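The structures considered in this document are given below.
Both of the next two complexes hold chain A, though its partner changes from chain B to chain C.
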Partner chain A sequence: MIQFQNVTFHYEKSSTPALSEINLEIAQGEFIAIVGHNGSGKSTLAKHINGLLLPTSGSVIVCGYDTKNENDILKIRQQVGMAFQNPDNQLVTTIVEEDVAFGPENLGIASEEIRARVDRALSSVGMTQYAESAVHNLSGGQKQRIAIAGILALRPNILVLDEATAMLDPSGREDLLRTVKRLHDDGMTVIMVTQYMEETVDCDRIVVMNRGRIVCVGTPSEVFRKQDILEKSNLVAPEAVKVRNELKNMGFEIPDDVLTAESLAEAVCLLL
Partner chain B sequence: MSVVVNHLTYAYSEGGKPLPPTLIDLNFTIEEGEFLGIIGHTGSGKSTFVKHLNGLIASEKGVVTVDGHDLSEKSERKIVRSLVGMVFQYPEYQLFAETVYDDVAFGPKNMKCDEAEIKKRVVRAMELVGLDVDRFSSRSPFELSGGERRRAAIAGVLAMEPKYLVLDEPMAGLDPKGREEILALLERLRRENGCTIIMISHSMDDIARHATKVLVLEKGSVYLFDKPEIVFSHAEELMSIGLSVPNVTKICIEMNRRGVPIPKTICTENAFLNWFKEGRKHA
Partner chain C sequence: MRDITLGQFVAGNSVIHKLDPRSKIGMMILYIVMTFLVKRIYFFAIPLAYLIIELILSGISLRYILNALKPIRILLILMFVLNLVFTKGENVWLDLGFWQITGEAVLQSCFMTLRIILLVAGASMLTLTTSPLALTDGLERLLSPLKVFRFPAHELAMMMTIALRFIPTLMDESDKIRSAQMARGADFESGNVFRRVKSMIPILIPLFVSSFRKADELAIAMESRCYHGGEGRTRLHQLRFRLPDLIAILVTLLFVASLIVVLVLF
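This part shows the complex of A and B:
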């Protein structure tokens, strides 16, 4: 569904490439997490998926369309919705349902259809009861869910989250993650750029970036086994994995798919 | 010496009318040398509270004193501001000078330090935050990476050599390594310089590991004020007010649910591993 073919990207004025020789294929319905240090290129990579950035060399193919082909860029953007870090920068109106309707209205969709899409989108993010609320009264997590509802109203097949949880408090983060997981369960392809390793444990594959390159791709249990790569990439495994690894160093047998507090507790209880 | 908060109540106002209070009758003492972690839901009053610590906000109800200086007295505020350094959220947005050196030197210059003293302080502050003086002094702050910019901004506050350092989510937006670097810096400041650290954070793992005391604010009131192991042993209550708990606490809760009586006070990796080595024989 999404293919990066030998993609290299230079920002103007920068001497080093922000992305080097990226090759990555993402299948329909996958949940991908992209992690990496500050400046590793993870956001740059995400912005290539809907053609916000175009490769300096190589190609990005989304649903069969090349992002370099100007005539296809609208088709790509109808497929790919993007949510960013700061909730306040993504909302345009003062009332929740007006904000969600903003996208479809701009596409000239009939008003009954818009109504149906807005209702559906708000219910998907669990914000139906706030339809008529003022946007400025919402919490950060709620604002992000409205921003995502606005994207869903455009009916994309791919959702890209560029550190969308970074400015939220823990309960806002959990809210948003739960929403995203539900969308994924319903068939959405999700690409999530994040700084929080705890958020990646339920995804299908993790892509680890370091200085513009992909240094590792694998399932969470595969990736979190590779301590040396994580360390070299300035990353730290989730707390439960750190404890698991310490216990393993002490000589206890704990399977590699133990990544969360719950599964670790279960494994530890079997040891006692 | 210490920070004493006595019956502090504060309400913002809108159009001349007071809004419902943001802080309600806070009473506690932050001892010198402490690492105080402040946690609470968005809107619980955390940021409003720390703004009182150097007189950015002054309340008419209640008293805050720093080393005995009363912040409700205008004449005392200047003294307190030389004692209390403030690092706000995303402090790198406040970098403004043409070079890292000038930016870090801004504070001591304003304090009317002489050139030699300014230089000494800038060098010391840059060394503390791990920015090599030769490599970074003449660079523009805007050429630095995110983590470096954050540390340059913190160096600007450290150059004023505060006795109390207040930080509002200093790790927000940094990668895991960058977060560890900031925490290591704070530990070093506390151990080597005797600096008192007051930090707002959403990361319960970090609070459990580093704080010596935790203040939990809920709807403007003190919900808990105690050592981290005591505070996090109230996990169910914390979760009921929408707060999270350290991951190790979550492991312990799950173990208890499965009938293993691991103490509720275990909230860090080290404590957990120690229990595993020593205590599990009795479990």
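This part shows the complex of A and C:
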């Protein structure tokens, strides 16, 4: 569904490439996490998916369209919804429902159809009762859910979250992750860019980035085992995984798919 | 101040509230024309009657109109006094030796003051019954024929929409910056006017910088949501010109016509 073919990208006036020789294929319905510390190129990678940035060399193919082809860019952006870090800076209008309608309005859809899409999108993020509120009266987590609703109204197949949880408080973050997970269960391809390893435990695959390169791709349990690579990339595995690894080093038998505090507790109970 | 995005707007469900913003803008223009057509003070009865009818239909309390007049009370007084002093006339009412108050001057003063009051009251009827968002929509539609002359009607409306959206956000931001600068020892309260204005600079510069960053991020988010200018855009809330709009416009035209008839006859 998404193919990165030997993608290299230079920001203007920068000598080192922000992305170099990226090859990555993402299939329909996958839940992918792209992790890396600041400046690793993870957001740059995400911005290539809907053609906000175009590769200096190589190409990005999304749903069969090359992002370099200007005529297809609207089709790509309709397929790829993107949510950003600051919830305040991605809402365009004052009233919630009008903001959700912004995307479909751009596509020139008839107003009855827009109405239906807005209602549907708001209900799927659980914000129906706020349809006529002013966005500045909402909390950060609620704003971010409205942003997601605005994206859903475009009926995309792929949802890209570019550090969308970074500015939220713990409850807002949990809310958002739950919403995203539900969307994934309904068949959405989700690509989540984040620095928080805790958020990645439910993913199908984790892509670890460092200095513009993909250093490791694998399932969460595979990736968390590679301590040395994580350390080199300035990343830390989730607390539970660290405890698990320590316990294993001490000779206890704990399965590799233990990634969360709950499953760790269960595994420990079994040992007792 | 927080609800500045709603401006003066008083939410309601009246006939006037439900009119298409385009017709309301048109009605206001006709009303302004009426107040300027009036040549003698008692002809103001016609626009005044129009205003009162609109006020009753809209269910807006007179208090809001008076509130709208409050900021210009100095101007009104000044206007009255200046006209009183500088209008020449024969019919002396009061002779102070160096200054005569004439009947004509009193009449002229009342005439000018009344005209301003009626103008402001009429204009605020529009903003009281129409939300800024609806107003922006209406303006975009009314100005869109000018696109032929490359007038950026859509861009203008989009800018107004975004400005309204970001006013509360920027206010929050300026509060935060203010607190941050105060924590660093900035003093915003003491000193004379110039000093205090100058002390705003440490608030304004970070606010400016952050606005640019916000604009940049917003532009990216808008592009991601398929924004590509006003061409081929549809709207969630379609503006509809309905029967009440037609009636309202016809009634307004009737008032204008009757005023013209009165002006011609007397």
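Basically, the second predicted complex is superposed on the first by the 272 of 272 C-alpha atoms of A that agree within 3 Å, B and C clash if a C-alpha of one lies under 4 Å from a C-alpha of the other, contacts with A are read in each partner's own complex, and residues count from 1 in each chain.
The rule is short, and it goes like this: contacts are C-beta pairs under 8 Å (C-beta built on N, C-alpha and C of every residue); 3 or more make two chains touch, one makes a residue touch a chain.
As the structure is a prediction and not an experimental result, all values here were calculated from the model.
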Ask   = Where does A:Cys269 make contact in the superposed view: on chain B (first), on chain C (second), on both, or on neither?
value = first
Query = Looking at the overlay, does A:Gly39 come into contact with chain B only (first), chain C only (second), both, or neither?
reply = first
Inquiry  = One more residue to check, A:Phe102. First (chain B), second (chain C), both or neither?
reply    = second
Request  = Please work out whether A:Ser139 is in contact with chain B alone, chain C alone, both, or neither, and reply first, second, both or neither.
outcome  = first
Ask   = Touch check for A:Gly172: first (chain B), second (chain C), both, or neither?
value = first
Key: Residue ranges of chain A touching chain C (in the complex, touch as defined)   = 50, 52, 74, 77-78, 80-82, 84, 86, 88-95, 97-98, 101-111, 114-115, 118, 134-136, 147, 150-151, 154
Remark   = So, in the complex, the side of chain C touching chain A is made of residues 2, 5, 133, 161-162, 164-165, 168-169, 172, 213-214, 217-218, 220-228, 232-238
Remark   = Interface with chain A, chain B side, in the complex: residues 41-43, 145-147, 172-178, 180, 202, 204-205, 242-244, 246-248, 250-255, 257-260, 269, 272-273, 276-277, 280, 283
Request  = Report the residues of chain A in contact with chain B in the complex, numbered from low to high.
outcome  = 36-40, 139-140, 163, 166-167, 169-172, 174, 195, 197-198, 234-236, 238-240, 242-243, 246-247, 250, 261-262, 264-266, 268-269, 272
